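What follows is a pair of complexes built around chain A, which joins chain B in one and chain C in the other.
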Partner chain A sequence: MTEVMERQNTYLAAFERLERELAAAGTPALHRLRKAAAARFAELGFPGPRDEEWRFTPIAPLARIPFEPAPHDRMNGSCSFRIPPLPKGVIVCRLSEAMHKHAALIEQHLARYADWKKHPFVALNTAFVCDGVFVYVPRGIVLEEPLFLDFHAGKDDDGRVWHYRSLVLLGENSQVTLVDNYSGPMECTYFSNAVTEIVVGPGAIVDHYKLQREGDRAFHLAVMQVQIGRAANFSSHAITQGGQWVRNEINAVFENEGGECTLNGLYQANGEQLVDNHTLIDHAHPHCASHELYKGILDGKARGVFNGKIYVRQDAQRTDAKQTNQTLLLSDDATINTKPQLEIYADDVKCTHGATVGQLDAESLFYLRSRGVGLAEARSLLTYAFANDIVSRIKVASVREELERSLLQAHHLPAVDAGEEDA
Partner chain B sequence: MLEIKNLHARVEDKEILRGVNLLVKAGEVHAIMGENGSGKSTLAGVLAGRDAYEVTEGEVRFDGKNLLELDPEERAREGIFLAFQYPVEIPGVSNTYFLKAAVNAIRQHRGLPEYDAREFLKLVREKMRLIHMSEDLLKRPVNEGFSGGEKKRNEIFQMAVLDPRLAILDETDSGLDIDALKAVADGVNALRSPDRAIIVITHYQRLLNYIVPDQVHVLMRGRIVKSGGKELALELEEKGYKWLEASVREPQPV
Partner chain C sequence: MTTATSTIQELANREYQHGFVTDIESESVPRGLNEDIIRLISAKKREPDWLLDWRLKAFRHWQTMEEPRWWPNLRIGPIDYQDIIYYSAPKPKKKLNSLDEVDPELRRTFEKLGISLDEQKRLAGVAVDAVFDSVSVATTFKKTLAEHGIIFCSFSEAVREHPALVRKYLGSVVPYNDNFFAALNSAVFSDGSFCYIPKGVRCPMELSTYFRINSAGTGQFERTLIIAEEGSYVSYLEGCTAPMRDENQLHAAVVELIAVGERAEIKYSTVQNWYPGDKEGRGGIYNFVTKRGACRGVGSKISWTQVETGSAITWKYPSVILQGDNSIGEFYSVALTNHKQQADTGTKMIHIGKNTRSTIVSKGISAGNGQNTYRGLVKVLKGATGARNYSQCDSLLLGDRCGAHTFPYIEVKNSTAKVEHEASTSKIGEDQIFYCKQRGLSTEDAVNMIVNGFCKQVFLNLPMEFAVEAQKLLGVSLEGSVG
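Let's look at the complex of A and B:
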């Protein structure tokens, strides 16, 4: 415990040391926010083993390492954009730039949604916020091409913590597709502590893709907070492949009626990897629909955690919520702790949930073999199919095809050729 | 082509097949009829190599080879095809990808070069026309979200592409309306050939109006109790199965 306290102090010491640099970024109000968040992190500390939210995800491996922030211009990580020509009024820029040019928007929205008062790592991230990514799509504008955002740790970044931060604001009836890619060098131990806030305005549509391909030794903790407006539509596809210790949190809140939320996830882990997915969908208003499908493939001694909370508040009549978690365990030593957590306070609702854990389906194996496919290839094909069920839901063709190719390769299966796709 | 001698099989402790004898020659269509629980699907499963069944006695020869010692995939590569009563849904793999894997596994076994994309597509298009299968079913994941009729038609389409020597249709008619039934039967009839044998397993005579068999066998309590021509099916339709019960206790002529 003392060790953990000390490590917490290394983050706080870094904050004190860098405070003057931090204060220079953005408005005084913003800096008051940082100070409040640092103070809150000091109070909250790291989650303990008795914290229900962290029961199956030991914090010690992360807390043990004294990760240091990079100098302030890189404190919030390196991010490169690949963006199409943007219509007038659309903003895609660094958060540091937005803090000066769009101070009012930043003040109005930054750190207003991701709850730094309750979540220690959101507090930690917020204490160091001086850069990141800012996306703003005004009312009525539809971006047809996706925005590709690449978050990457560099080669000399052993022992660094990256407080990646994104703020995405969608005006009424606007639309955007975001592809977030996280990566880093294989040989470095680093900690990505990411916070993303997305506000989906009334009638707006957001398709969010997250490709997590961190280095083998990386720690990755990402909290995504999504506010879904009236009749708005948010979908998330989270593909988790890298990292030794990974926790993804998605909190989606329906802020008004008629919204729709889709959360799809695929996690693949091997060796001693730990992958934790915590999702929360808060049906705070009536007539909203949510669909959640998370699938995992665990091999070696990998450990998985899935916790899916769905709250249906008293007023949220006509809620339609469906949650499914399926995990394939390919070895005897792989484990998963899966927990659906539905709390329903309204009476006119449709809520279903299901969790399956197991091996490949025997009848499907027999079906493939009865068509001449050998046992080993049938197993590969079914494992691929299990994962591709999520990948095939990805609408961005370049992302989908690349993932499909890498899945086929990983399972030693022949490529899908173009002819077959249009057969 | 297929010779079944005194075949006994059980599931766990329950003996289901109790001495089946059957001889099927190339070019013939045999119907095996019987009530639920008579052992029809067990027979199909044993022939295709389903591992839930344990063969306790007897033998099965396919083109002279001992079928029972082959794995399911080896049987398929030798030319046996089972159209499933309940085709399996495999989300995440398209029908085409799945079929190409199967075709190439079989071709490899036969010492033929694997099909490339163009050759495979040509084959698939040709068979699609034969079975009147729509293109969009090909792109969709294997059987996922297919109607009952579409699933059964997909089985026959797979049969057309894999070109087996012996096809076993396990209650392919179950759950089909008359239009779907005719479509499936047309597909099967298009695949009748002097080199191929077909075993049609069914509960009802209805399918046999459209796929006319050379021989009809009645399976009851794990044995074939009566064999005859296509008129036997009509007789069963009229009289039911009860009148045959007496013959079950008698030893079966070999």
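Let's look at the complex of A and C:
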């Protein structure tokens, strides 16, 4: 325990050391926020195994390593964008730039949603916020082309923590597709501590894709906080492939009536990987719908954790929520802890959840084999089909095709060209 | 639906029917808890030294434990463990030879509850071991059972007559240090039931115990131990009603089931109808129970069926440890919360042996301001090749101020295991009620019918007499809640 305390202190010491540089970035109000968040992190400390939210996710491997932030101009990681020509009024820029140019917007929204008062790692991230990505789509504008955002850990250094930060604001009836890609060097041990805040304005549509392809030795902890406005639509597809210790948290809140939220996820883990997916959908208002489907494939000694909570508040009548978690265990050394939860305080609701853990269906295997497909190939085919259920839901063609290709490759299956597949 | 509202209100607000206090002189120990009290309880019951030592060990361990406050959504008032009378027994009378010698006051109490001993004995063919504030008062059908070699007696009697069996199995499934309330129970347990089914015997009748909490301020700390040997079968019923009280009473029982041999089978059914507190949530029983069974034999089976309608707070997770290969665990539950009741109940199925199977069917009904939580664990260990679990948890909400929550924990470490969990939450559809009304049923009959249909899967697993009682209980507690 004392060891963990010390590690926590390395983050705090770094904060003290870098404080002067940090203070120079953005407004004094922003720096007051950083200081408050750092103090809060000191109070909260690392979560322990007795914390229900962290019960199956050991924090020790992460806490054991004294990760150091990069110098302040890089401490929020390197983020590059691949963006189509943007209509007037749309802003896609670095957060540091936005802090100067769009101070009012930043002041109004940054760190207002992701709860740094409760979540130690959000507090830690907030303490170091000085750069990141800022996306703003004003009222009525529809971006047809997706925005590709790349978050990349530095190549040179080992033992770094990267405090990625994104803020995405959508005005009324606007629309955007975002593709977040997280990656890093294979040989480095580093810690990506990402916080994303998304505000989906009334009637707006956000289609979010997260591709996590961190290095094999990476620690990845990402918290995404989504505020869904009246009749707005948010959908997320989280594909987890890399990292040795991964935790994805998505908290979606319906801020008004008529919203819709779709959370889909696919996690594949092998070796000694730990993959934890935590989702919370807060039905705070009536007439909202949510659909969630998370699928996992665990092999080797991998550990999977799924914790999905649907929270329906007292007055959130006519809620329609559906949640499913399916896990395929391919090895006897793999472990899954799944905990789908319904917490419901309203009566006029339709809520269901289901969880299954199992192996490939014996009958399907038999069918394929009776048609002359070898056992190994039959297993590959079925596993691919299981995973592709999520991948096929991805609307951005380039992302979908690339994932399909890598899935096929991973399962040693011949590539299928798109035309053939459609037929 | 306005016409039906008044009757509905009436029914919803119906006072607890079984609330009355029997005036029997009881012999109690002083309030509070310390080693002397435990020595006193043990001495009063003339227990052997090993049992006293076990109690003291449990007590010392209990002192080092913290009162659990695990679940943030469960509101529990403070419990003053020093303000409880840990032992109270009706004053010893001369030995009873027949039922006629039972205290008439006591007999009337049972009759008011509808469990007249002779009635039960004559009509239902059920042997009743009535526990009245901790000490067994009358045991029936003992002879019939003895002919089969079945031991069915009070726990104290078992300690005297069959010490070897008790010593061997006591605490073997729920150890004295298992949890806070189990440790407390191990230290102060007053009495309970003991049942032993020898090899190859199929118990010819349903065994039944009625527990009843009586003296004001007396916590009940029952201990039940059921052992089934190879190829035997027993069905055990437990039913509870308690009189009305304004202060919270603590009930921390421990039930241990052991299916020792091959194909041994134990079926344990509970109808729990303790005082739930009044409409404002004052009073009511705190029901913190540890129930666990171990399927040790190959192909053995343990089945829990429970109907939980009473208690201010219910906190219990009847579990099965599936050790033997091909063993089977089952859990069927109906839990109902009305007014300010809170129920946090579910099961744990621990798959250890190969090809072990478990089934969980849980039906939660919430009305008024009731909070109903299913919390269950399905754990498949590495060696449990071919383990299979199916869980189904459905919740029905009646009213917009109640809550229904589902927290299943699934932990799988074996790739050949197959675990399925399904849960749903909904309210009674207006179209369903409309349909029934249009066929000439009143609203409350319609609701009653729909709720009974909702619970049918569980009721089917109850022995007949209990199924009837359970349906009546639901009717009383529920009919009025929709309008």
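We take it that the second predicted complex is superposed on the first by the 420 of 423 C-alpha atoms of A that agree within 3 Å, B and C clash if a C-alpha of one lies under 4 Å from a C-alpha of the other, contacts with A are read in each partner's own complex, and residues count from 1 in each chain.
We take it that contacts are C-beta pairs under 8 Å (C-beta built on N, C-alpha and C of every residue); 3 or more make two chains touch, one makes a residue touch a chain.
The structure presented is a predicted model; accordingly, all values stated were derived computationally and were not measured.
J.: Now for A:A355: first (chain B), second (chain C), both, or neither, which partner does it touch?
T.: second
J.: So, A:I91: does it touch chain B (first), chain C (second), both, or neither?
T.: Touch partners of A:I91: none, neither chain B nor chain C.
J.: Applying the touch criterion given at the start, work out whether A:N388 contacts chain B, chain C, both or neither, answering first, second, both or neither.
T.: The answer is first: A:N388 touches chain B but not chain C.
J.: Could you list which residues of chain A make contact with chain B in one structure and with chain C in the other?
T.: Dual-contact residues (chain A): none.
J.: Any idea which chain A residues touch chain C in the complex?
T.: For chain A paired with chain C, touching residues are 52, 56, 314-315, 317, 327, 329-359.
J.: Which positions of chain C touch chain A when the two form their complex?
T.: Touching chain A: residues 72-73, 380, 382, 395, 397-427 of chain C.
J.: Taking the complex as given, what residues does chain B use to touch chain A?
T.: So the residues of chain B touching chain A come out as 48-51, 71-73, 75-77, 81-82, 84, 87-88, 90-94, 96-103, 105-106, 109, 117-118, 120-121, 124, 135, 138-139, 141, 158, 162.
J.: Could you list, by residue number, the parts of chain A that touch chain B in their complex?
T.: Result: residues 361, 363-364, 366-375, 377-378, 381-382, 384-389, 391-392, 413-414, 416-421, 423 of chain A touch chain B.
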